[in-house]
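Following: one structure in structure tokens, then a few remarks.
Order as written gives the chain letters A, B, C, D and E; numbering starts at 1 within each chain.
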Amino acid sequence: MNTLEILFYALSAFAVVSAVMVLVSKNPIHSVLCLILVFFAISGHYILLNAQFLAIVNIIVYAGAIMVLFLFVIMLMNIKLDSEPQKKMIIKFIGVLSGGSLLTLLVALVKQTSQLQGKQVLMKEGTIGLIHPLGKALFTDYVLPFEISSVLFLSAMVGAVIIGKK
Amino acid sequence: MKIIIGLIVLWPLVGFLFNGLGRNIWSKKVIAYKATGYIAMSFIFSVLAFLNVQANGAATVHYFDFINTASFKIPFDFKVDALSSLFLLVITGVGTLIHLYSTAYMKDEEAPHYARYFAYLNLFIFSMLLLVLGDNYVIMFIGWEGVGLCSYLLIGYWFTNATYNYAAKKAFIMNRIGDLGFLLAIFWLIVKLGTVSYGTVLTAESLAKLSTTDITGITLLLFVGAMGKSAQIPLYTWLPDAMAGPTPVSALIHAATMVTAGIYMITRSNILFSASEFTQHVVAIVGLSTALLAATIAIKQNDIKKVLAYSTVSQLGYMFLGLGVGAYSGAVFHVITHAFFKALLFLGAGSVIHAMHHEQDIRKMGGLKSKLPITHITFLIGCIAIAGVPPFSGFFSKDEILAAAFAKSPIYWFLGVVGAAMTAFYMFRLYATTFLGQFRGTQDQEHHLHESPVAMTLPLILLAIASAIAGAIGVPELMGGHHWLSHQLAPIVGEAQEAALSHQTEWTLMAVSVTIAVVALLIALSIYRKKADGEPQTALGKFLYNKWYIDELYENAILNPLNKFAGFLKEVVEKNVIDGAVNGTGKLVQYSARQIRLLQSGQVGYYILFMVLSMILLFVIWFNDIAILRFLFQLTHKS
Amino acid sequence: MPIQYYIFLCLTLFSIGVVGVLTRRNAIIVFMCIELMLNAVNLLLVAFSKMYHGAALQVSPASTAGIDAQIFVFFIMVVAAAEVSVGLAIIVMMFRNTHSVDINFLNRLKN
Amino acid sequence: MNAIIISAFMGVVMMFSSWGTSSIKLQRNIGLLGMLLLIGANIAHLTGVWVIEFDTKGMLVFNRIGLYANTILFVLTFIYMWINGEEIDKVGDHTHTADYYAIFFFILCGVSVLTSFDNLLMLFIGIEILSIPLYILTGADKKNLFSNEASLKYFLMGAFSTGILLLGITFIYGATGSFHLTAPVINPTTNMPVEHFLMSAGLILLFVALNFKVSAAPFHFWTPDVYDGAPTVFTSFMATVVKAAGFIAFIRVFEIQREALGYSWFIILPFVIVSTLLVGNITAVFQRSVKRMLAYSSIAQAGFMLFALYGRSIFNNEAILLYIVAYSLATIGVFAVLVKMKDYSFESFNGLAKKHPALALLTTIFLFSLAGIPLTAGFFAKYFMLNALLTAGAGLWLLIVAIVFAAVSVFYYFRLVQAMYFTSGEPAINEIDKKYEFKLWLIAAILIVLGVFPSLLFNYLYF
Amino acid sequence: MFLLLFLLIPVFAAILLLFVKKEQSVNTIAISAALVTLLGAVYIIISKTSSFDAAWLPLLNSRFTLQADGLAKILVLLTAISFPAIFIATSKNQPTQKNIFLSLMLLTQAGLMGVFLAGDALLFYFFWELALIPVYFLCSIWGGEKRIAVTFKFFIYTFLGSLFMLIGIILVYSHTGDQSFALASFKQAHLTSGMQLTAFALFFIAFAIKMPIFPLHTWQPDAYEQSPTAVTMVLSAVMVKMGLYGVIRWLMPLFPTAFIAHSNIVTLLSVIGILYASFIAIRQDDLKRLIAYSSIAHIGLMNAALFSHIQVGVQGVLVQLFSHGINVLGLWIVADIIEQQTGTRSMKDLGGLAKKQPTLAILLVGFAFANIALPLTNAFVGEFLMFNGLFQFNPWMAAAAGVSVILAAIYTLNMVQKIAYGEISAATNLMPAPNKNAQGVLIVLLVIVFFTGVYPQPLFNVTADTLQQLFVK
């Protein structure tokens, strides 16, 4: 087992455990923090995959901006921390069961897919994850979606005005 | 010829339209003259037609095609031959007399109803003429149903009376049962022969095309038709009830003409009937049973018209016996004589009822002999004629039938004679109770007793003469006669089969039957000349008085169950089963609507859960080969 | 590293997100779980990207195959940001009106 | 491309128009003008004129069907805006008219993307541009708890379905290495698509997500609540133009891609169709609120529109276009009447025929069209669908299920007719001016003209 | 081109009526429009076969084709006679908003004319539905107490049926050689026998519901009872003929194999229905329901005769289509007068009509006898031929169906007795002066009854070409 593998497993375990913590922690703030941990783990994976740009963006946008926003909202609401009402056990059980079945099904599918057998992911190497090729692609081939996504932001902005205005 | 025959039929129709449409316009006098006059005209043309037949033989005339389709054709043709021309004479002749009689009998009615009465009567004659003149079974059927309709209308003439209406309805429905048989027979003929014209159906070639089953089936169905119209067991109960109509109607329709339609029809189709031994037996047995059954009932009836009605049923039974044993001309002979004397008797009874102010119970009469002399004499002649005393007409006709019956089977003959004896007995019981002895009615009635006007007595006299002498047309060779009628009908029914019996036997039979009849009538006279019947005492008496409880039997065994069945269909099957299924579908939709609505619980958590589950379901549907099991297998058996 | 491993990891994360959506009542946490799902997808995309890139490199060293997936991830992040802003606005609006972020209280509209 | 540019531009114009002018009427008219401009631009594109020559790098592919559908949707939006102008002003706190119009234009930008995308990235962005403004519109009536609730529900479920969509796209990418819509690999020996489970799984996930967008059962749960809770004018828009765009996108994705699913397509699609028809129709029967009934009815209608996905017969495009027009116009019409009601119960329609015979007649025409009664466009819409289905070789049972549910749909549409015509009562309705009525007559006229000559709609499809 | 008038006149009159409020002119417009249509109908009866053809839906290859062969002519004539008769007979009735009432009636007429004249399947379907819609409104607005539920049942029932037919049409359409809806192309569609059976079933459901055939009949008595009588007249005199028309026009020529294959079972069902309806009619006290069940029985017989597929029987049906319409129309008009004037339909409350209004009673009796197919009434000709055909098909079925002849006599005479005869009842005593208009109409109808009963040849001549097409290959 080489370093990469060790790192992979460690990060994966970390991500999964943190993700589970998001679910189980009663305190929403803890959930947010755990989710940030998941994002860090995922960023770690990005780095393993040499997708440096995304790793950075992930940290900045997700762990930074978005999660802070979440945290901010939670703080703003000042919800009583430990008294969040819980769903019935049976519903939770069914929820876990369905999530589990979904996972089983999808995993089964992937295992059945012959085309994926023996396919390797290129670790560390490759330059496509670096900012230069990405930027180039973004502003040549993907300039249209890039421009159009501005419409998305505009509409979100208008929406925030509509919704947020007292 | 075409015009003459057409006019025979048209006159009554014109009368019907005239009276029917002008019922609020014309005075009673006009109505009476016109109505009677049209039938009289019809009679005159009938005589012309008859003479023409005598001179030139049978004739068929074509008017138009009633139904003419690519595959099938029913011409509107009339046929006058010996048989139909005779019937024409009887129908229009007796018809004229009865119209005449009616003008006086119905004079108390208001003008519109008076007109209505004559319109019906004219329509009846029209239908009856169609029946006998038609050259095919369909035209006959038209007349056949038409006379049933008129019978219905006339029985229910006094429509405010519920009982009369019921009687009318009963008559019509029973007739319809028979009509269905007739109709099916017609269809059978059409299927097999493709035509219904007598000219093609009633020939040897056609007969050859029919199998035995066909012939038996067709004839039996035809006979069912005859049963209904001619009041034979089991469809006879309407006829006594039909006495609810005005008495002239009873005389015309329910004695002289319509009820003999069955005999006409069978005589017309004699080729078919003769070809089926089985049917002939059935006809004979049914006829004989009817004759006896009705006669027994007549013995105990107290309503003057009821006695005559059962007598009619009984006599019709005789005619069918005659048909059944192959004595077609005998049957027709009896039809003719019966038309005279039974019309006479009914009209006489009408005269009595008229005098008695619509009293019909003979127990309340008696001693009318002196008060109503003409009625009395003519009625007596009628009684003698029907009792079969020579040389009155009934003797000859009945004798011809009995002789033929003997030739077929002595038992038929014996039972026939028993019936004849009963006939003599009940007729003279009727006569004696009505005319002899003391008057038993109220003072008021006695005060008003008077002989009927001439318009009523004239028909009585004419009919009495006819009843007395009509036998002349069929005096057998045995007695020095020419048997004219039989020769007349020979082209249609073939020569009579008298030859089967020796003269010796014939004379003996005649003597026996006449003796027994005379004895019976004398017994009746002796019993009833002084007193009327009381309430029946014996079980048998009650049984007969209540007409064998046949009406009750029909009521309980057929009508009520059917009614219940209909009620069951209406209330249970229709409402709950069929409509229930339809409404149930609607209810099911609504029920499931209410249930499925609950899925939409409002909880977004459930929604997402359902989405996930549905997604899993989709995967399972798609991935329905046992991929999951395979996967689980691999997990546990990792090599 | 075999691609399956990444797939399994991402599917696990994704499913954890699904389970979270199904089991939590706090709208914010539910939303966070959805973000978790998106992140799982992002990681998977990058993994696929590198899988195809790796395969393409063996043919041509200058290949940029697989870059589209990384761009896609970028767009997902962009959209997620927009979505978060709107979503949180809605949640806040809801909170202002009902003083609760419990999705079980969202049951006035039903049947 | 013209449409995308103009709509984005118009959106920005509208955003700023509230600064330039405080006259709501002017803002509204700018919006309508913008719509006309948009329609014009799109028609220009149809005839080959571009505003800006632009290389989309294969992100978008403009074909006639897509552009034509686009035009139709724009016209529908124009009619919608034209009729509902005043009602739109009233939503929320009466100050956001310009913002709403801006959002409409942004949504139309999304619609334009969805009618022409050729890349799953564009699909994703298009759907998001379509969805995110809708979350806002749903919650636009800020003081109204129903509106809030609907908005949050819609948002949570919408975001969840986005997750599903993305997983699906990822799977497809994993299987093909590209985001482009391409025909599946065919095995030359069997002449069947090569079995690729990841691809299939991706397609199914995509199928689920798109079903969610077009509110097909069993992914429809958001629909009744959201349609019910959203401000009525916006429900009208969501149920018509937006849903129609969803269908266009749906068809674009699966027209060719579904080959990869092989025969199981003909199992899962009927499953969805039947459950959609069942849930939509049956549940609508027992509603007390007309608005909610219309929500279920729109689910039911989606069931019919899904038929267009069944086969690839040449009739599909015609069928879906006609269906969109018939369904959208009728729905816009019914909602336009509904917004004038004081409350949305069936009882409030009682006696409408006595008080406003014309309005009742109009409503009846709209309902007839929805129910698919001849002489209205709805009939031919259903007819074309059934025809397409049969031509595609569907089993007869599917058609019979369809018509049985069509008969059930009469159940609830006619409940409204019964209330209007056969039940006496005082209708709870606001004042309606002649101008408004005239606009509704126009819709009815289009419905009837298309109900007699449906070919008019297609004359421009193939010139 | 002439045939187009049958659609245009009623439609124009209907639109015109919407803007006229004055009662007198409302009646005049409606009646004159109907009479003009009648003139037209008489004209096409005596003229040669005509047709009209125009492009309609080029995309679907459906044309606006109208054609008048014998079958169409006779039904057009029936429709054209019925509507003026109904308008005149009910001109004294005062429904609210009479202009709209009559307008909807005229639209119904246009729909019916379209159904009978359409020579294109899609057009046929169109008119089939269009005839239904105005009736839905007529019944639901002006009907009796339970009108809404009952009419709704009727509507959904028939609507579902017609949707089945629509599938059938699409099915056959997709198998036509030239992808066309024209009747001629439909006749030459390449259908396998299995396909024929399916398409047959799909079409037949629609027709069976419309006729209606046991056990799909339960909408009918309720609908007849609850509808305003003018509508009931249309329903029973003309609308039920749509089903039979459909069988003759579409089922027989399109699916010969399936038709023969199903003839036994359908005939059996019809015969069961005949007896079943007759029995129920015996127990009805409500005049309208009685006539309704009687009508079910009669229609059942017509259907049985059709499916026996014997030329004579089919000829009978062609005649009876017309005759039954006239007869039942007469009965309904009488029933309407009675209901309007006495305020009741319950026969046990009636009686003595013959004394109170002798003319009406005579007319009632006349139509009653036509109803039981007495010879020399028009119904006899048809029923005779139909029974004839049925007998050739299966004697036992004919015999069983024949029992209905007796049952018909029972219930019809019961009706006559209860209404016309007996002493004048309290309800009958309320009757005002006779309704001259209605009686005039009845007399005209009765003349038709007897004329075609005595001399039915014109009817045979008109329908000869249809019969030829059906049976001569």
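Assume contacts are C-beta pairs under 8 Å (C-beta built on N, C-alpha and C of every residue); 3 or more make two chains touch, one makes a residue touch a chain.
None of these values were measured; they are calculated from a predicted model.
Visitor: Return the chains shared as contacts by subunit B and subunit E, ordered by label.
Guide: Chains that touch both subunit B and subunit E, as defined above, are D.
Visitor: Going by C-alpha centroids, which chain is farthest from subunit C? Tell me that one.
Guide: B
Visitor: Closest chain to the overall C-alpha centroid, by per-chain C-alpha centroid: which is it?
Guide: E
Visitor: Of all chain pairs, which one counts the most C-beta contacts?
Guide: Highest contact count among chain pairs: A-C.
Visitor: Hey, which chain ends up farthest from subunit D, C-alpha centres compared?
Guide: In terms of C-alpha centroids, the chain at the greatest distance from subunit D is B.
Visitor: Suppose each chain is reduced to the average of its Cα coordinates; what separation in Å results between subunit B and subunit C?
Guide: Chain centroid spacing, subunit B to subunit C, equals 96 Å.
Visitor: Report the inter-centroid distance (CA atoms only) between subunit A and subunit C in whole Å.
Guide: Using C-alpha averages as centres, the distance is 5 Å.
Visitor: From the C-alpha centre of subunit A to that of subunit E, how far is it in Å?
Guide: Computed from C-alpha means, the inter-chain centre distance equals 71 Å.
Visitor: Subunit A to subunit B: how many Å between their CA centres?
Guide: Each chain reduced to its C-alpha mean, subunit A and subunit B end up 101 Å apart.
Visitor: For subunit B, which residues are shared contacts with two or more other chains?
Guide: 597, 600, 602, 604-605, 608-609, 612, 615, 619
Visitor: Please set out, as single numbers or ranges, the residues of subunit E touching at least two other chains.
Guide: Correct list: 156.
Visitor: Give me the residue numbers in subunit D that touch at least two other chains, ranges are fine.
Guide: Within subunit D, the residues that touch at least two other chains are 121, 125, 128, 132, 135-136, 139, 142, 152-153, 156, 160, 174, 201, 224-225, 411.
Visitor: Which chains are in touch, pair by pair?
Guide: Inter-chain contacts occur between A-B, A-C, A-D, B-C, B-D, B-E, C-D, D-E.
Visitor: Applying the document's contact rule, which stretches of subunit A touch subunit D when the two form their complex?
Guide: 106, 109-110, 112-113, 115-116, 140-145, 148-152, 154-156, 158-159, 161-163, 165
Visitor: Could you list, by residue number, the parts of subunit D that touch subunit E in their complex?
Guide: Its residues touching subunit E are 318, 368, 373-375, 379, 383, 386-387, 390-391, 396, 399-400, 403-404, 406-407, 410-411, 414, 418, 421-423, 453-455, 458.
Visitor: With touch defined as at the start, can you tell me which subunit D residues reach subunit B in the complex?
Guide: 152-153, 156-157, 160-161, 164, 200-201, 204-205, 207-208, 212, 218-219, 221-222, 224-225, 261, 264, 267-268, 271-272, 278-279, 282-286, 408, 411
Visitor: If we count contacts the way the header does, which residues on subunit D are in touch with subunit C in the complex?
Guide: Touching subunit C: residues 121, 124-125, 128, 132, 135-136, 139, 142-143, 145-146, 148-153, 155-156, 159-160, 162-163, 166-167, 169-170, 173-174, 177-179, 224-225, 228-229 of subunit D.
Visitor: Can you list the residues on subunit A that touch subunit C in the complex?
Guide: Of all residues in subunit A, those touching subunit C are 4-5, 8, 12, 15-16, 19-20, 22-23, 28, 31-32, 35, 38-39, 42, 45-46, 49-51, 53-54, 57-58, 61-62, 65-66, 69-70, 73-74, 76-77, 79, 84-87, 91-92, 94-96, 98-100, 102-103, 106-107, 110-111, 116, 118-123, 125-126, 128-129, 133-134, 137-138, 141-142, 145, 149, 152-153, 156, 159-160, 163-164.
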